[in-house]
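Both of the next two complexes hold chain A, though its partner changes from chain B to chain C.
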Partner chain A sequence: MTATAVPPRERGITLHAVTKSFGGNHVLRGVTADLPADRIYGLLGANGVGKTTLMALICGHTFRSGGQILIDGEDPVENAAVLRRTCFVHEDQRYNDNFTVAQVLAPGPAYFPNWSAETAERLARRFRLPPKTASKKLSRGQRSALAITISLASRAPYTFLDEPYLGLDASARSILYDEVLTEYVAHPRTIVLSTHLIDEAADLMEDVLILEDGVVAVHAEVDLARRESFIVRGPQEQVRALIGAREVLTERHLGNLLTATVRGQASDADRALAHQTRLALEPATLQEFVAAIGVRSHDRSDIA
Partner chain B sequence: MDQPVTALTYVRPNLRLYLANRSWALYTPIYILIGMTILSVLVGALIGIVTGFPLPEGDTVAMRYNAGAVYSIPGFLFSVGVLAMNRNFSMALAFGSTRRNFWFGSALGFMLTSLLVGVGSLIFLGLEFATNHWFINARAFDVDALGNGDPWLTFASMFVLSLVSLFAGAFFGTIFRAFGTVWTVVAAIVISVLTIALVAVLVWQWDAISDRLVGLGDWLSIIITLVLAILAAAGSYGVNRLATV
Partner chain C sequence: MSPAPDGRPIFLEIADQIAADILTGAYPQETPVPSTNELSVHYRVNPATAGKALNLLVDDGVLYKRRGLGMYVATGAPEALRARRRAAFVEEFVLPLRAEAARLGFTDREIVDFILKDSS
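Here is the complex of A and B:
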């Protein structure tokens, strides 16, 4: 597949018509997005929609089938100067079985010119990472903590966090969000964060990219994305009357009651009508919006 | 002030990664050689219970064919090669390396390990001579397989043996990483068939080439091992360029 070159952004990530297929499985079908540097992006979408694959493509961990990817105006594939600015520890990252936690962290300063030993030490302490424990003996939560420690201590200008909360309890997740914010404020950089705990992490994000069916369904500032949908609930006929011709993302039925997640912003007229007809109308949270897109995607694939 | 960026700037971190666990990458091969030496001396001591000490020349001649040094090292170093190219690979990419720089950094590490094994063997050979073959006329390094006490042959034999073990492990580890189990097995079968075919050609053409090969003397096996190491290195480099995480 050929892709027309897009004007490279001096600092940031440019994706143009990026595709990736595994045999007959077309995971990414033409991802186009422009990500200016030094922002925190939430990469959202249902399981299997291609979030990890997209991050792996950007960092050259795997090869794209088509399209164009640029970091700071250069193709990252096997580009040492560009890749040196990236850090992407996979959610299921494999480490050398013979390495302890301390040995996994030891090469960090050699790879990353801005590596912060102080950050690594602080995070290891806060997450209670046992330095002498072999990497293969770490629990799921400890593996996530190690990935977060490497990612934040790297101070890589392009840092990718792939579902970093897996296995972490509520307090450890608080530490994660706190540390991401602290590091970002002190040392601004581009952070791409894939997550399913959307509402929990939404306050961190500045922009969101929502993937659906292998393309970017929504790319917006987080506050705008939060206003991308609303939920209306009540008797079916009245709900349909309020929705009109607008796009319905999901519907749930309980007898004659209908709960619909509707794309778009509820107007004052909608609210007045809802009040009159005793319908419940409320803004959808970002999590509900992303979930609705995911359900729509599943329904489409079931029909197909 | 930023340091100037050279090719080594990108290769060095990968060498550092290889050496992150020095016990695994550097010291264990030496421990294995120490263990092999102790075992060889113990075997000599067992023989000596019957023959008396120091071991008489007849038994010493038998110990001259002790190939413990040759057999003890490859298995472990093969596993080092596999893990280095497999697990370290995904770590290196996570840390922002290219495949090319990862390979060169690891290859430098392999050279270092091999050098250490070669030098270590040389030191053990010196100790063997200094102690009049471990005080009982037992042999671990002054043996037929390592050139009968020739220091150059001992060093070169152990160096290339280590190198071929590491790069063979790297080759199969990379194939496993890039293409999975099935292709790793296919590669092993193909290489086995090619090796048998090569041996068949050598046997078939032995009269024509034997003079030249035999003329190389003890260096023949070293040269063959070195060629295999180079082939394995080239193969692992080629496949590594296609590997993904």
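Here is the complex of A and C:
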């Protein structure tokens, strides 16, 4: 492992040149990020960019291939004191098949020093988790609800939520977002949330990290990340003239009409030109931006 | 609260909403507005976003901080907000109306007639 280059934070997560390979598959190619404690982070990017792997590495659930990870200035690998400050329920977490929901929740206080029985009880009730049902008989949505219940009740200073909404309907997702904020404002802590439902969860986040090809492509405050791209649509020649030398993330054609997602912020001059030449110019949503980065990355690997 | 279609940051939307509630008298002068945490849970936004909205209104003199008690509506805030909106009225409402009317070929006389007819 390489020597430290980033001064470690007293409270927070420091990642320096973190790599992870599975055989010849280089999932993480050098992730560097400095994450102050007690914020809600959105961890975004297409499937396979390494979001789950990164969370598992930070929590010491798997070993990194290289680089450095520090939580509160300490390496989490085989460090029980640090690991007790983290909570990461895997998306495909298996429990003892014969344990009921109540039995899965019962040992919470033994694992997590800050465990809140009251939060566990409230979430289990709001998600209508059947306490006496065997964990192996839970539906996809109920397993997600159980994972959310454990994660929020843990009140772990570093809580990781990996696509926590799988199988949840709109009302249950609404409860999820409510409870994340309610718990967070009452007991501030670091929450890392990976999600593909970006538009409905973006307002929860303070900062976002967008992974692309195993590295951090964007790390910014959510309002700034929202301004990292725009969409312009109109006759091909005029659209190209407006874009100039800027990077086009994705483009779609309909006859002579071109819709392009462009990297960067639209300037007043862009807006004036768009108005004058009657082009539609609008900011891309964060979800559109992340999707465009993913599409660009797919198309690149097709060529390679 | 969902992002504005024009990509305006959410904290500006929340600040506008609080300002509108002050204008209608929902938050009278010299009374507290909800805390950062209350706004965060209510609008379902990160507390940092809610905090930015409150700070913006403090910077504008609409709210002021009472140590240990939270944010209060400043005396004269409704009048100040109303004056600011009046100043922006032509640019935000009249000019776009005239621009669209011009695109559609309406004369100024016709616009005036529409307004008078609808308000009678």
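Basically, the second predicted complex is superposed on the first by the 300 of 304 C-alpha atoms of A that agree within 3 Å, B and C clash if a C-alpha of one lies under 4 Å from a C-alpha of the other, contacts with A are read in each partner's own complex, and residues count from 1 in each chain.
Just so it is clear, a contact is a pair of C-beta atoms (placed from the backbone, for glycine too) under 8 Å apart; a residue touches a chain by one contact, two chains touch by 3 or more.
Since this is a predicted model, take the numbers as computed values, not measurements.
Undergrad: Can A:Gln68 be said to touch chain B (first), chain C (second), both, or neither?
TA: After superposing on A, A:Gln68 lies clear of both chain B and chain C.
Undergrad: Tell me which partner A:Glu78 touches in the superposition: chain B (first), chain C (second), both or neither.
TA: A:Glu78: touches chain B, not chain C.
Undergrad: One more residue to check, A:Glu206. First (chain B), second (chain C), both or neither?
TA: In the superposition, A:Glu206 contacts chain C only.
Undergrad: On the superposed three-chain arrangement, identify whether chain B or chain C touches more chain A residues.
TA: B
Undergrad: In the overlaid three-chain picture, which partner chain does A:Phe99 touch, first (chain B) or second (chain C), both, or neither?
TA: In the superposition, A:Phe99 touches chain B alone.
Undergrad: Name the contact category of A:Thr261: first (chain B only), second (chain C only), both, or neither.
TA: It touches nothing on chain B or chain C.
Undergrad: With the touch criterion stated at the top, can you tell me which chain A residues are shared between the chain B interface and the chain C interface?
TA: Comparing the two interfaces on chain A, one with chain B and one with chain C, no residues are shared.
Undergrad: For chain C, which residues count as touching chain A in their complex?
TA: Its residues touching chain A are 1-3, 5-7, 9-11, 36-37, 40-41, 43-49.
Undergrad: Chain A touches which residues of chain B in the complex?
TA: Result: residues 2, 5, 10, 12-13, 16-17, 20-21, 24, 83-84, 86-88, 90-91, 93-101, 241, 244-245 of chain B touch chain A.
Undergrad: Inside the complex, what are the residues of chain A that reach chain B?
TA: Listed in rising order, the residues are 56, 59-63, 78-81, 83-90, 93-100, 103-104, 106-108, 110-113, 150, 154, 156.
Undergrad: Residue numbers of chain A touching chain C in their complex, please.
TA: Residues in contact with chain C: 39-40, 177-178, 181-182, 184-186, 199, 202-206, 222-223, 226-227, 282-283, 285.
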